[in-house]
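First chain written, first letter: the chains are A, B, C and D, and each begins at residue 1.
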Amino acid sequence: MPQETIQLVVTRFHPDHDPVPRFQTYTVPLHEDWVVLDALNYIKDTQDGTLSYRWSCRMGICGSCGMNVNGTPRLTCATFLREYAPGPIRVEPLANFPIIRDLVVDITDFMEKLPRVQPWLVRQDETPLTGGEYRQTPGEMERYHQFSLCINCMLCYAACPVYGLHPEFIGPAALALAHRYNLDSRDQGRAARQAEVYSEEGIWECTFVGQCSVVCPKKVDPAGAIQQEKVSAALDWLKSVVWPWGNR
Amino acid sequence: MEYPVHDILIIGGGAAGLRAAIAAAEARPDISVALVSKVYPMRSHTVSAEGGTAGVLRSDDTFDSHAYDTVKGSDFLTDQDAVELFVRAAPEEILQLEHWGCPWSRDPDGGIAVRAFGGMSVKRTVYAADKTGFHLLHTLFQTSLRYSNIRRYDEWFVTALLVDDGRILGVTALDVRSGQFLPLLARAVILATGGCGRVFAFTTNGMIKTGDGMALAYRIGAALKDMEFIQYHPTGLPGTGILITEASRGEGGYLLNAQEERFLQRYVPSRMELGPRDLLSRAIITEMEEGRAFQGPYGAYVQLDLRHLGERLINERLPFVRELTQEYLGIDPVREPIPVRPVVHYSMGGVDTDTEGKTSITGLYAAGEVACVSINGANRLGSNSLSECLVFGARAGRAAAHGAADAPAPRAEVIAGRAADEERRVAAWLTRAEGTERLAALRDDLRHGMERGVGVFRTGEGLREVLGKIHDLRGRLARVTLDDRSRIFNTEWTAALELEFMIDVAEAIAIAALAREESRGSHTRRDFPQRDDVRFLKHSLAFWSREGPRVGYRDVAITRWPPEERKY
Amino acid sequence: MAHASRSEPFWWSLFAAGGVVAAFLVPIHVLLEGIVGPLGGPTPAADYDRMHAWLASPFTRVYLFVLISLPLFHWAHRFRFTLADLGLSRFGAWLAVLCYGAAIVGTALAAWLLITAP
Amino acid sequence: MTVNSPPNATRTYRPVMSPTWWWLRHPAWVQFMLRELSSVFIAAFLALYLARLGAFASGPAAYAAFQAWHRTPLSIALHVLILAFALLHSTTWFLLTPKIARVHVAGRSMSEKAVAGGALTAWAIVSALVAWWLLG
């Protein structure tokens, strides 16, 4: 019995001989438990070794294998072929990023923006390790925990039209991580992060399209994080008006 | 030609590499630390670790207890002085991570919580739900961004280590993005490339874990120690090999055979599901061989039953297990048992180092899974490996920082010729004439061969067969041609270089396994079922040579706990 | 080096407050005064006398001021960003002047009308 | 922290979005644009309200003329359109409330559904109160 198959229409781009990206169609077996990444590996291993893409853990946690599948940013290791049967499936590099080759995008921009929001624990009074852990109740942890689940997969940037239109926007994942530390009861760095986070390239650029949170494979909700930071910034402003001599 | 020069070069951006980078940058703020990784640091395989990291933090626990559990778990093949040093350093590292913001799970009073783990006699595994590795890695990565003297080479693939007269000079590396080949010079190099699980077909390990660091060190004369000890984790998902954390048993999950029996009562009655991994994996395979397992599309399996734990506990402590099983199998562990089977997970062996990460090559250090300090012996206890990355990553980082101060600056003129040779070797992949072999086919043959011959149970015959296969693969490798002749982000090219690493490492594993004519820890020979302390209470050391690997032995450091029969 | 914006929190606060007011109040007003009333249903402002009686209460005047002014700023903020996202971002400063300016004029007009209304 | 940029940076292809028509490319973006445009219709209603106050200030005749216009089919159609957008604004606003305001009760955050449900309920109550006040 001939095996059922499905077609993948895959973006190809090589900077040396493609002025613009083109599409190439491949036919792969449609296995019930195959994900899009399995299909790409099948293509690379048996049909066309020149196809380039990133992947590693194949369990939705390393964040390497994000691509636009039929126009929506997805982790290809967690996107089953059967969802798209009978196909064809359009597999493109993540939107809004420069394409290096085929399905590989350049995320240097994010890597440079991330340190700007100081995504690390800031302490004014660093206590020695001999003093033990900083206490934090499960309830205090719950306040930020969701925002600590970001795997930097960049799906949110690919889903964000604001980032596409205004590339200077710091963007969903980096701002969500800033929010994660701002909410951490052990952290004392919110004031230090304000210059970047509350800048016009930061939270104020966001128009709350909300797609970042829709596509997030880890339910981090960056859109929520950004709006919550806007509320904090507005309250800070209000405080500075009502209580201008307050220390801050 | 001017080459980039750094004081310390760290290869690998996982837990051990990042911890080493931070330790070095803190120990000596005046030195330049370079972190070279073939992937962005947050993609490193540490990210997939789930269950936790062990350390003595509670008053009901002692260093001696952690050390003894580790020594016994290892089937007495650890160096006991190293283990004692390790258990004493682990709590401080766990607290350090907490001070850097790691969201360790908490007790109601705000203290760090602990959970039970296999082979540990008390609860001593610190965890961040069941995404411990993920949180640990991202905490380290984000913290590393604070240090202006850490420079990263993201997506650079190291092809060789450069040595001169027994001293490390740096590495040759490929910028994957541009295809540019460049020597990177350093006074000290730390290997932190992780393990080699991808040498096997069915593994929890990510695509990147191809044993690069082991092969790099091996090729310049460092010994690979105890490579025959490959850990099979008892609970992987059939088909994908996705890891289902030991924490699911730590939190009270059951293993059931097809007769709905908690069969471990016949193997590890005193510990049941919390027995060490080697015993559990053997027990499961035995159930399969004796016809008491389930049969599925991917062969035999047993069940991991979490239903009695309840939805609330599963959501709170094991959310990733639920996420993974729902997403990949369509199974909700709150309502259905999870099919599992043993899966290659971890390499106890690695580059031979001392407790400061020093190898036999001056200036070359190693830490994490790539290294073998000898705290894991013949079987690692679950949750010791993340602690190992932290403890020995930090120690190697500090040692290298201080060592680099005394080291002479690497001289570029020594390097030029060697780098040119290496570039020719690497670039030859792009210009080879038409061959008859496909890269992926060779890789699959290697991985399946290792799976068959170097499984949970091994025989001399099977191991000799694997070695023959590896010999053939070397021949076939010369006939492989790549489809992709471009230099720009050519992942087929790097895969070819990885396959060369994998073949070297696989051979070291098989030859050490063949030489060890006894059964100990994870190494079980059907033809030598007993432990043999007279002949083999020793570390194996595999050395590369032109004629093929050579195996030597070294005594185990036994300071306090004499070997005894290992019963649970 | 970026710096925290001093003006955006102000405009955003007005936007948010206006959004809340509009979300709670505008639909029922549109329904009753724009559709139900004109179609013959009851409404307080159907004729001059009833409007007069309704506006006699200072509460009504304050209420109407809030109903009109805050949602105007809500519109101004959203419209400013919408225009920027439709290709006019290079006129950013002018968009702000135009949109917030219109809202300020509308608010002033509302205040004047509500104060001077008989 | 310096991030590596390769010495021989290779040419990349940067996809460009149409600065004006980008939102037509994804249904979610069309919805977003409609949501944002709702503010224009609300502003139109507010402008009409200002006109109503202006007419009132000009005396009974002007006010009667203004009200007469409200009974034309054009006005009714316009108000139906405004109502549709006003309802779009209210529902999207309240459904997004839980993302902005996280409500914590006894150390646990309330579910998004509960917060949104509460907001929608409050809207219904406020609408009823206003109706009672306007008509009472």
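Here is the rule we go by: contacts are C-beta pairs under 8 Å (C-beta built on N, C-alpha and C of every residue); 3 or more make two chains touch, one makes a residue touch a chain.
Model, not experiment: these values are computed from the prediction.
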Whose Cα centre is nearest the centre of all Cα atoms in view? A
Between chain pairs A-C and C-D, which one is joined by a greater number of C-beta pairs in contact? C-D
In whole angstrom, the CA-centroid distance of chain A from chain C equals 36
Cα-centroid distance, chain C relative to chain D, in whole angstrom: 12
Intercentroid distance (Cα basis), chain D paired with chain B, Å: 54
So, in whole Å, the Cα centroid of chain B is separated from that of chain C by 63
So which bits of chain D are touching at least two other chains? 1, 3, 10, 19, 23, 36
Per-residue overlap in chain A, given as positions that touch at least 2 other chains: 15, 100, 106, 111, 115, 137-138, 161, 165, 207, 230-231
In chain B, what residues contact two or more other chains? 145-146, 154, 177, 488
Interchain pairs in contact, sorted by label: A-B, A-C, A-D, B-D, C-D
Residues of chain A touching chain C in their complex? 116, 161-162, 165-166, 194-202, 204, 207, 230-231, 233-234, 236-238
Which residues of chain C touch chain A once you look at their complex with the stated criterion? 1-6, 8-10, 12-13, 16, 81-82, 85, 89
Chain B to chain A touching residues, read off their complex: 39-40, 42-45, 47-48, 92, 95-96, 98-101, 103-112, 131, 134-135, 138, 142-143, 145-146, 154, 177, 206-208, 239-240, 242-243, 320, 323-324, 327-328, 438-441, 444, 482-484, 486, 488-492
Where on chain B does chain D make contact in their complex? 144-148, 150-154, 156, 175, 177-178, 180, 182, 488
Per the contact definition, I'd like the list of chain A residues that touch chain B in the complex. 14-16, 33, 44-46, 48-50, 52-64, 78, 100-102, 104, 106-107, 111, 114-115, 118-121, 123, 126-127, 129, 132-138, 140-141, 144-145, 148-152, 177, 181, 184, 186-187
